[in-house]
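By written order: A, B, C, D, E and F. Residues from 1 in each chain.
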Amino acid sequence: MKFALQINEGPYQHQASDTAYCFAKALLEQGHAIFRVFFYHDGVNNATRFTTPPQDDRHIVNRWAALAEQYELDLVVCVAAAQRRGVVDEGEATRHKKDATNIHPRFRISGLGQLVEAAIQADRLVVFGD
Amino acid sequence: MSETIKKFLYLNRKAPYGTIYAWESLEVVLIGAAFDQEVNLLFMDDGVYQLTKGQDPSGIGMKNFSPTYRTLGDYEVKNIFVDRDSLAARGLTQDDLLQIAWEDLDTDESVENIVTVVDAPRVSALMDAADVVFSF
Amino acid sequence: MSILHTVNKSPFERNSLASCLKFATPGAAVLLIEDGVYAGLRGTTAVPLITDALERVKIYVLGPDLKARGFAAERLIPGIGVVDYAQFVALAVQHAKVQAWL
Amino acid sequence: MSILHTVNKSPFERNSLASCLKFATPGAAVLLIEDGVYAGLRGTTAVPLITDALERVKIYVLGPDLKARGFAAERLIPGIGVVDYAQFVALAVQHAKVQAWL
Amino acid sequence: MSETIKKFLYLNRKAPYGTIYAWESLEVVLIGAAFDQEVNLLFMDDGVYQLTKGQDPSGIGMKNFSPTYRTLGDYEVKNIFVDRDSLAARGLTQDDLLQIAWEDLDTDESVENIVTVVDAPRVSALMDAADVVFSF
Amino acid sequence: MKFALQINEGPYQHQASDTAYCFAKALLEQGHAIFRVFFYHDGVNNATRFTTPPQDDRHIVNRWAALAEQYELDLVVCVAAAQRRGVVDEGEATRHKKDATNIHPRFRISGLGQLVEAAIQADRLVVFGD
């Protein structure tokens, strides 16, 4: 079965991203597929490569990136939500005259249409938030 | 884009301004209109406050996004439901809520106000009938 | 020492107002801000909580937050005061401390 | 079409469980996750809400979340099931859709 | 650093793990110990869950910070209060909570458990007596 | 009178930063002082210079920076909270081998002791959060 996941909260502050990750891992291990993981609202903050949690804690960003690498997941960050919160890739940095980027290379920024499309294409949309 | 037509239910349970969920949820509805799905919006619990008339956040330095709800009729949204018990618990009636008109330019068909206050069984039925539920 | 309590949550969604009012002592002031202002409105299920508390503490609503949400002062339960940000500051100065019920 | 409802909030802090149970129809399943698992414990003020609902819907608790918070399955109200993440996935597959009460 | 001694009250009303507030609040208490203020910790509402015994978040991939509470006695924290009504509403008793010992190495004075369950009037009195209230 | 402000939530998602800003502006206009504004939890996300909100919306980060410029405010971001969430300055970038920074130059990263000190030094601590 094909899943789409939506994550509404940033890393560490709320459990949403942790629960979504454990859920994603479990479904992939069962042989199901993930059409897309869509990061919305503060969820866009899961996509920064600048995160450095304490050494004895999980690295939420790298963990998503590794799972995406292993299963070729599509990790999409909402562009409008990202602009409000300061998550930028090369294109955004150029467009808005920022001197650097902070997005992790395993994530990509795109429009809200990607969430709607995921909801249409997937058999199940599962939302994690506050 | 797919040929599939799904029944989308947007579940709105949060008040506006205190958090951004209401506004960013509305942005999904506007974008979603391009996908030609069957769309229902449901406002319940504190979500009913999203539709109150007369909002003016100029004094808190925020943008008034309330007028955008009035344009939903132009975005293929034909059904907006409000949970009656949620209104009653908050001392509100339909008079406190925005009116949202709908018009089909091809057929001249029109509805003066697509905001419908519904009882609990209808709310449950809406949830049961949906294919996808968006929560924010 | 009297306290200025701030409550920023809707009483229909969270328990913070109920907790605040349970522990606020006579002479305290409670300022409803952000989504907390909904608690000040007439005709809601939160009215008994407010009217009971008004016998012991002062209750204020932050006007700009009320206006943002589309309600005029006339919709408030009688006895609740309306303040602006400048008066919020004055309340914080007048009371010995500010306690946020997050 | 039956629904898997997820509730991730404590019933003592928020109204989401109460709302969910009010609208869940016979045949639905409710999965308590994150801070929502506290609603499954015996002896709390939320027990009437749960026992009433158990007559109409199935209620599950996400085991890893319960364990994280220091409670064993024995502390749960009888009739509540305990699932792991794999079974959470299975529930999502079995039901026509997943509805999150955020 | 100042000579002023203030009465600090740390107000803990949120459950652990679902959000980070409990953990990051505890980090302030640990750092604050260096400032030699008079410190009170109060746990009420869902905050009482922070002190439950037997926490094990290995299954959700998180760090167990619960043992850190047991070290609070070493951080000059002598008073930890728990609201009785909050426990009762959650079907909990003091047996469900951690024991936190305190010992003064200079005077040999010691307290077996500094966690005290208190009634509502005492909670109000604690709030009234504080100079500064930290909320998270 | 001397105030200390603590902000627990990031920009746009919650109103906390907006309310704190309006409160700060009002107190400064009345002639009171701000000893320090301390950004904690997701509040650290108020300090990124990468934010680009829609043109008809307020710019929360720049607004804080402008107020700090006008009144010489001390805007402090908690280092531990910032590490978890990916807010970095030059020092943090070097220490944790990040290839860029994202902090706005009007903010500075420091330890939690700065919050405790502010609570001691100020006449009032006012906390804004979720």
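Quick note on the criterion: a residue touches a chain if its C-beta (ideal position, glycine included) is under 8 Å from a C-beta of that chain, and two chains touch if they have at least 3 such contacts.
In this text, all values refer to a predicted model and were calculated from it rather than measured experimentally.
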What chains, if any, are shared contacts of chain C and chain D?
B, E
Where chain D and chain F overlap in contact partners, by chain label
A, B, C, E
When I count C-beta pairs in contact, which pair ends up with more: D-E or A-B?
D-E
Among the chains here, which has the CA centroid at the largest distance from chain C's centroid?
A
Roughly how many whole angstrom separate the Cα centroids of chain E and chain F?
26
Cα centroid separation, chain C vs chain F, in Å, comes to 26
Shared-contact residues (touching 2 or more other chains) in chain A:
8, 12-13, 15, 19, 22, 41, 54, 57, 80, 125, 127, 129
Touching at least two other chains at once: which residues of chain D meet that condition?
8, 12-13, 15, 34-35, 64-65, 84, 97-98, 100, 102
Could you pull out the residues of chain E that touch at least 2 other chains?
14, 17-21, 45, 60, 62, 132-133, 135-136
Quick one: which chain pairs are touching?
A-B, A-D, A-E, A-F, B-C, B-D, B-F, C-D, C-E, C-F, D-E, E-F
Can you tell me which positions in chain E touch chain C when the two form their complex?
11, 13-14, 21, 44-45, 120, 123-124, 127-133, 135-136
In the complex, go through chain F and note every residue touching chain B.
12-15, 18-19, 21-22, 54, 56-58
As the complex stands, chain F meets chain C at residues 1, 3, 8, 15-16, 19, 22-23, 25-27, 29-30, 32, 124-130
Interface with chain A, chain E side, in the complex: residues 17-20, 60-63
Which residues of chain B touch chain A once you look at their complex with the stated criterion?
1-2, 4, 6, 8, 20-21, 24, 27-28, 31-32, 34-35, 37, 132-136
